[in-house]
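My structure is below; once you've seen it, I'll send some questions.
As written, the chain order gives the labels A, B, C and D, with residue 1 at the start of each chain.
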Amino acid sequence: MSERYSASEMMTVTASRALANGNTCFVGIGLPSEAANLARLTHAPDVVLIYESGTLQTRPDVLPLSIGDGELCETALTTVSVPEMFRYWVQGGQIDVGFLGAAQVDKYANLNTTLIGDYDNPKVRLPGGGGAPEMATCTGEIFITLKHSKRTFVDEVDFVTTVGFGRDGTARDNVPNIGKGPTRIITDLCVMQPDADTKELTVTSLHPGVTREQVIEATGWEIRFADDIDETPVPDDHELEVLRELKARTERHHSEA
Amino acid sequence: MSERYSASEMMTVTASRALANGNTCFVGIGLPSEAANLARLTHAPDVVLIYESGTLQTRPDVLPLSIGDGELCETALTTVSVPEMFRYWVQGGQIDVGFLGAAQVDKYANLNTTLIGDYDNPKVRLPGGGGAPEMATCTGEIFITLKHSKRTFVDEVDFVTTVGFGRDGTARDNVPNIGKGPTRIITDLCVMQPDADTKELTVTSLHPGVTREQVIEATGWEIRFADDIDETPVPDDHELEVLRELKARTERHHSEA
Amino acid sequence: MAEFLSLHDAVSRYVADGATVAMEGFTHLIPFAAGHEVIRQKKRDLTLIRMTPDLIYDQLIGAGCAKKLIFSWGGNPGVGSLHRLRDAVEHGWPNSIEILEHSHAAMACAFEAGAAGLPLAILRGYIGSDLPKVNDQIKFIDCPFTGERLAAVPSIRPDVSIVHAQKADRHGNVLVEGIVGVQKEAVMAARHSIVTVEEVVDDLDTHPNACVIPGWVIDAVAEAPGGAKPSYTHGYYPRSNKFYKDWDPIARDREAFSAWLDENVYANEGAKA
Amino acid sequence: MAEFLSLHDAVSRYVADGATVAMEGFTHLIPFAAGHEVIRQKKRDLTLIRMTPDLIYDQLIGAGCAKKLIFSWGGNPGVGSLHRLRDAVEHGWPNSIEILEHSHAAMACAFEAGAAGLPLAILRGYIGSDLPKVNDQIKFIDCPFTGERLAAVPSIRPDVSIVHAQKADRHGNVLVEGIVGVQKEAVMAARHSIVTVEEVVDDLDTHPNACVIPGWVIDAVAEAPGGAKPSYTHGYYPRSNKFYKDWDPIARDREAFSAWLDENVYANEGAKA
């Protein structure tokens, strides 16, 4: 780790760089929202951010706490109904990238946000699917960002809320009208991508100062590493400054009332 | 006939009286629009007029020439998209009365607005179904108004664009989620209603001065008369005055540009 | 045709024990005042429908009003869990509740289909998800034109839908503005509907394509200023993000929750007509 | 992302011979200027889709651009027939055209389904009508929940949709206001889209739930002041009801029509970039 930036800043900046200028991006709340707005405020001013509350092309000045904060509507190009959002915009194929978080992800990039344990007798009940199950199949591709730990990166999720590549990596094969699915997972340690053949998540880039052992230790399956592993480029000063200002503004705003 | 009013005024006033105050009415262009607006300007100020262009609860000052005149939008409570109009308002069951015209109607109140002759080799090609086919089945009931003649009142229509009671009177039997269908036909000679059992159109009221022979002569099938036939009440002076003013305003408006 | 009623009378008339009730509002315009009135009137055995249960359903479930929940995302947005919902699901307190779980896309389509008078909604949904394994209301059909397999869910047709909006005119026509969610669909899909509004005005004073729900598709309009707090009403007051954060420790603890309910709902008699 | 093009260049680039083209606008905002440009560029063998063919398709059909028409009401509103359409259907002049005929409800749902990325639309439609006998694209399915028989039609996915609107901002975001018809659905359902606008402005200056089509779902925006005449643009100019009435004798007569076309379309070179 550097003293110039934290591991979570490294994660957010790397996630933000995944978005290209001009992409249309369906934004999940939390880390994805932070990364997507950082992208908009730095290298991708024309990225189009869409939240499932119906707010199209929104430019929030502070990060929303919920998916439907007033800020999102006030700064949007327009706001459509939620049925229209899911029918015309998500299912209609108008979105390039879905940017998701998750509680659990497994080696085939399946996401679990439903529960830990058994469905009829859960150990922990989580919020559920929300917009993710269809976002994962109807958008062009999916980026996922979450913190790396054995608790979140598991061999097999307890419940496939949102499909990555299925229990055996083949869930998207021969399915018509389906997106590419998860193409990268950005954590605080590394970047993973699905193997071209098996679809198993594979480390393709390590953040500076992070060792293979750290990743192996934090992953709940025998994680593979690509033949050529890059070192993830570090955040630049401007990105860090913009991110810190954004988080400070957000903090002030949400503690107000 | 009286000298106080014309046969067509008798028809329009009678049709307008069929609408009750507070009814929601899906209005077809032409005679139905004239009758519905007369109702709104006389005995039914709270009748809700809906045109298929998406204009909800409209109060046009002049009769529209088309189903989507600017006047309809400017005086509407709000204007929705055409898919919403047909999905939420018509199919959603929010409309009490559909008010229709037609080119041909037969003894089971089936309407033809498609063509005269054979479909693949038409003698006369008419405009087609428009909003009528679903209006006829999704609204609570249907009123029809058109001028009486052998050419329009035929034994069997060449094409069932819009169902009344089908070729044999049973088309609505045991069909779920279907409206009552045509409950009255108002012409310049009389009022007809479907027989409770057979659904065959039957004269229930003759306009003042009109003879049974006139109706028989103008109808393309052996028209039946109800056991008790009323004389249709005559227009009052206020109705005639309002109707004539409405038509004069309309005439002036449409010849302007 | 909409009748102007007090919130007490509207809830008393249209929300029966055992009813299927949808209170909608997607983060924005959540009908908290109406939800509290339902709690105060001790309605029981309700089937509660809502895409995002939010604190309003956490409170209703904790107060023992619900026997079943139909939903697609049940959390405290940006904060964490709905602890009253979890306590009911995980430990049966104050009573166990049945849950029927969808994705947002499916619920949005099901409300849309309900408003459209259809018995089902069709969507390209649930591909590869385990949700169809635990929700027997998710079926699949083959498109007769392309052969594509598509998901089908039953439309939502609540006994009563309750929503909050900015304003009504004297005829009960209601303007909803900002994040409009599925409120219009909820009202149109329901047998009966109650709309609470910030204020009643002479003229909605709006634009040609505004989201206006005509009075003749609404049963009752009740004036309830601040009726969406701690959620928000665009143009009137902001969301209390602080309340959402403060809710977490209250909801984690049965006693703290019960005390909160006593003080903030039961003791707070709703306005009568 | 929307590109600002001249109408000439937009039509030249996106409307190919043999393409499936939807020009929408429900009485309001009918894209006449764009239709005339298609006639001037002598596009051929088009499959024309439009709920209400109106004069614009009467002109395109009379000019020989169409090989097929998909529609649900083909008349001159409030006046009578579309005589060029009738002449093509009844007598094959200037060429015979195939027609595929729906109801408004089915076409509106088919546009909606196209925008929603679905292969089909489901509706409670065509009960008792003869239309399914002459249109093999109307099928029926049984609801897997209730058993109810419902109509199914293929969604509409044009190669190119062309609509007219009030204004675009500098990024190509378009405001449609008033009677919005199926224009947004037509644009979103199409592979490519052209929007003509009355004017390009710095700011759309509108309300939170306006019908705005974002520039990134549009291919080309072309400025075309008066581009909807003789139909109308809410807020700009009224419908010329007189023109609609005057059209009847012109369209009844092949020679009168051809002369009209020469004088008003062919002789009137469209603005180039």
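Just a few scattered comments:
Convention: a residue touches a chain if its C-beta (ideal position, glycine included) is under 8 Å from a C-beta of that chain, and two chains touch if they have at least 3 such contacts.
Listed by chain with UniProt protein names: A, B = 3-oxoadipate:succinyl-CoA transferase subunit B; C, D = 3-oxoadipate:succinyl-CoA transferase subunit A.
All of these numbers come straight from a predicted model, not from anything done at the bench.
Both subunit B and subunit D are touched by C.
Looking at subunit A and subunit B, the chains in contact with each of them are C, D.
Compared on C-beta pairs in contact, A-C and B-C come out with A-C as the pair having more. The distance from the centre of subunit A to the centre of subunit C, with each centre set as the mean of the Cα atoms, comes to 28 Å. Averaged C-alpha coordinates put the centre of subunit A at 40 Å from the centre of subunit D.
Counting partner chains per residue, subunit C shows two or more touched chains at residues 112, 117-118, 123-124, 146, 148, 178, 180, 184-185, 206, 208-211, 234. Of all residues in subunit B, those touching 2 or more other chains are 73-74, 79-80, 87, 91, 138, 177, listed in ascending order.
Taken as a contact graph, the chains fit none of the simple arrangements: neither line, ring, star nor complete graph.
Pairwise chain contacts in this structure: A-C, A-D, B-C, B-D, C-D.
On the side of subunit C, the complex with subunit D involves touching residues 117-120, 122-124, 137, 139, 141, 143-146, 148, 150, 152, 154, 177-178, 180, 206-211, 234. Those residues of subunit B whose C-beta lies close enough to touch subunit C in the complex are 22, 24, 48, 56-57, 73-74, 76-80, 87-88, 91-94, 138, 177. Of all the residues in subunit C, the ones that touch subunit B in their complex are 1, 112, 115-118, 173, 184-185, 188, 206, 208-212, 214, 216-217.
For subunit A in complex with subunit C, the touching residues are 29-30, 52-55, 64-70, 72-74, 79-83, 85-87, 90-91, 110, 114, 119, 122, 124-134, 137-138, 159-163, 166, 171-172, 175-178, 253-257.
Within the complex formed with subunit A, the residues of subunit C that make contact are 26-28, 51-52, 71-75, 77-79, 81-82, 85-86, 89-90, 101-106, 108-109, 111-112, 123-131, 134, 146, 148, 178-182, 184-185, 211, 232, 234, 238-242, 244-245.
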